[in-house]
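Attaching a single structure in structure tokens format; questions to follow.
Labels run A, B and C following the written order; every chain starts at residue 1.
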Amino acid sequence: MSALLQFLIAGLKNGAIYSLVALGFTIVYAATGAINFAQGEFFMLGGMLGVLLVNLGLPLPIALLLAVVGTAAIGALFEVLAIRPIADGDPLRIIMVTIGGSVLLRQIALHIFGPDEVPLPPFTQGTSIKVLGAAIELQTVWIWVLTAIAMVGLFLLYRRTAFGRAMRATAINREAARLVGIDTRFMVTASFALAAGLGAVAGLAVAPLTQTAFDVGAGIGVKGFSAAILGGLGNPVAAVGGGLILGMMESLTAGYINPLYKDAVALVVLLAVLFVRPQGLFGGSGREKV
Amino acid sequence: MSLLSVSNVTKRFGGLTAVDDVSFEVHTGTIKALIGPNGAGKSTLFNVITGFERMDTGSVVFGGSEIAQAKPRQVVRSGMARTFQNTQLFDSMTARENVMVGSQARQATGFAASAFRLPSARAEERVASDDAGRLLRMIGIHDWADTLASDLPAGIRRLVEIARALATQPKLLLLDEPAAGLNNTETHELVDTLYRVRDSGITVLVVEHDMGLVMEVSDEIVVLDRGRKIAEGPPRLIQKDPVVIAAYLGEEAVEDD
Amino acid sequence: MSWRTLRVAVPFVAAVAVAALPFVVSDTFLLKVFTYVGINVVVVVGLALLFGYAGQVSLGHSAFVGIGAYTCALATVRMHAPWPVAFAAAGIVAGAGGMVLALPSLRLRGHYLAMATLAFGELASLAFGEATPITGGVDGFSGIPFPSLGPLVIRSASGLYWLVWAVAGIALLIASSMVSLRPGRAMRALHGSELGAQACGVDVVGVKVRAFVISAVLAGLAGALYASVIGFISPSVFTVSASVTFLAMAVIGGTGSLAGPVLAAALLTLLTYLDALIPGISRQAAQTVQSLQADVYGLAIILVVLFAPGGIGAMWRRKSREGERA
């Protein structure tokens, strides 16, 4: 019983991380109609910037905040430099640019931070909490808290602010949004910044548990995308659901079948969803109209 | 004789009924026009007939067989070709190559025959190229044959798209606003082309906003308004139909706002 | 010289130069480098069809190279199959894998294929590394025999070079007749406008799937050549970053062209072996170039997509068009 509980906790922990990355995919997909292959690199950049700032002697909370803001700024800059010049907004070209961008961001990180894994200190020191015989590390609690804050914040932003309404309008119909006076180009930039910031939060939250390195982006990118498409691409609530379910499936597979298969779960899920139910678990009809 | 018969076709998008229980027939050898104010459901009806959209209920019988569930490719093979309101040319290809893609609809050689340049593939290539040249000449745009589609003026693009549709050797040609963006001279040339197409034995169904053109070329007109058929008949009767006039006046009143 | 003559002369001269290279180059290592160029050309010809003509992105082609390589290794070493049979099997197995992957993902609108191939690529490299009893795991698979045709074993550097380039040449010939005829037009058509292609009766899904399968077969054959030429394979070669390299070659080479991607494949492959090509170059300079290689791929993809969407191929076409008009 406590073993199962321990697996569920691990699943929810990883699942929360996947949810954040999946949200990043969803936000950019909504704004551009394209899959952002650089999403995983924002996760990596968040963690690496955090480590860098802590090593520079900044207090941890400030380092974390700056790392998130810095990654969001890099996301916005990437959009302005590389996505905005694509005047026709062709998703194929956007995808290609994000593929090139992910390679480039990873390489830049390699040149700056080196090839080694680096640690980030836990956000709070202390022993794990015991619940019904299962242990929950304090950092896991932090992951859940940060994920919850990010989600509530995103919800409020989307539902309660003029900015959020403008973003949603842009996502639903870019042309119509432009006609009613929304600066849709800025909204695309904002979506990249937001997606990058969410990725950075995830990368920072998990770094004290796993360490981080220049090449962690590709793996988490595929997992985050699996989560997004498992839920249903383009729907934020579904992305979170997909992340949590994927985390559970991974940890139950690792616990009860074979830890070797853990990393294969997300890949198999991704392929299976594409083949069997491309609109995702929570999506309506996946058919697009002509 | 009826070549195409559309019966009780309905198409909804969410809560909006774009096409509402529409029925009409197109007779062999005629030019029929489909008109109506903006948002009347003309393009949706076109998409449903040509297999680009699935209808919710109703039936479309073409040349004696039901094609309501057919895919665009099967519709083309059955002898129906179309153009689009926003021309859908292949920009990286020349006008001639665009038209040659149309001829491919009737060709049989596969990837393998082409890969090894079998005689059958080369023969088909010659036929397609000759056909394309002939069609471009018939439409009067042969001078543009070797120009990239991306470099063609808007009017010529429309005509190339018509030539491409004709290359599939259709029995029925569906044109979605062929005169949009054309100047006066080009519109006159289009009218000539339509007559030539009809005289070569191809039936035409055309969606068009240019009333002058519609009244001139069509043998019969169907009028749609907000998804429903509100009138059908020869041009001289449609022009006087109070229901049709009211529908169009309503549109003008809206546009004057 | 007119552009029309150039278009015939350039491939002819290139073919003669490629065939004559072993008579000029006596250095075995250098000849091996040019053999690797040929292997990459086989992969990139397929990707040129898939990306440059049909407009589809694959991030998993090194998985098909890997499938071909392991198929050839298993068939020759474990099943003692004659080499030509193993070589053919490599293409068939990779092509079948490509079909299984392409059929479902190409039915969807949008660019899901890119993600599906990325996942497939990662899954394949996990499998190559973990299925130790079959693949030899992370330690790799060694003792793969040289290519042979009946009693004739090809083991000399020049023999291997000619074999690889013969396959590359045949692949190029087949691809070039395909693109100049109906299938190539169909691919370019659906890349230009899917609606227009459908209205012309083009089987949009079918054409994309065929392009993908052909590219997977070529990748599989390239894998078999790689395994046979080197004699040893390991999972570290068949990674997603290798797939990105192949994609970069196709992108830089350009759309609607075979010569462009072939040229790009040659240049980018040679970049890896700079120290062998330029005798005087310092070791450090060569290493710097190698460490910046991925940066170059990434940046080049971005720059080409932003500023020269047609790549080398489109530039050449524009020049030759202007040349003809002048």
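Keep in mind that, in the parts below, a contact is a pair of C-beta atoms (placed from the backbone, for glycine too) under 8 Å apart; a residue touches a chain by one contact, two chains touch by 3 or more.
Because the structure is predicted, anything quoted here is derived from the model rather than measured.
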Most central chain, judged by mean C-alpha position against the global CA mean: C
Maximum centroid distance from chain B, chain identifier (CA atoms): A
Distance from chain C to chain A - Cα centre to Cα centre, in angstrom: 32
Chain centre separation in whole Å, for chain C relative to chain B (CA means): 42
Centroid distance [mean C-alpha coordinates] between chain B and chain A, Å: 46
Contacts with 2+ other chains: residues of chain B: 52
Contacts with two or more other chains, residues of chain A listed in rising order: 290
Per-residue multi-chain contacts in chain C, two or more chains: 195
Chain A-facing residues of chain C, complex: 55, 57, 59, 101, 104-105, 108-112, 114-116, 118-120, 122-123, 126, 130, 195, 240-241, 244, 247-248, 251, 291-292, 294-295, 297-302, 305-306, 309
Partner chain B, residues of chain C touching it in the complex: 174-175, 177-178, 181-186, 188-189, 191-193, 195-204, 210, 214, 255-256
Complex contacts: residues of chain A adjacent to chain C: 33-35, 37, 82, 85-86, 91-93, 95-97, 99-104, 106-108, 111, 218-219, 222, 225-226, 229, 260, 263-264, 266-268, 270-271, 274-275, 278, 286, 288, 290
Chain C-touching residues of chain B, taken from the complex the two chains share: 50, 52, 72-73, 76-77, 81-84, 88-93, 97-98, 100-102, 104-105, 107, 109-111, 114-117, 121, 124-125, 128, 149, 161, 164-165, 167-168
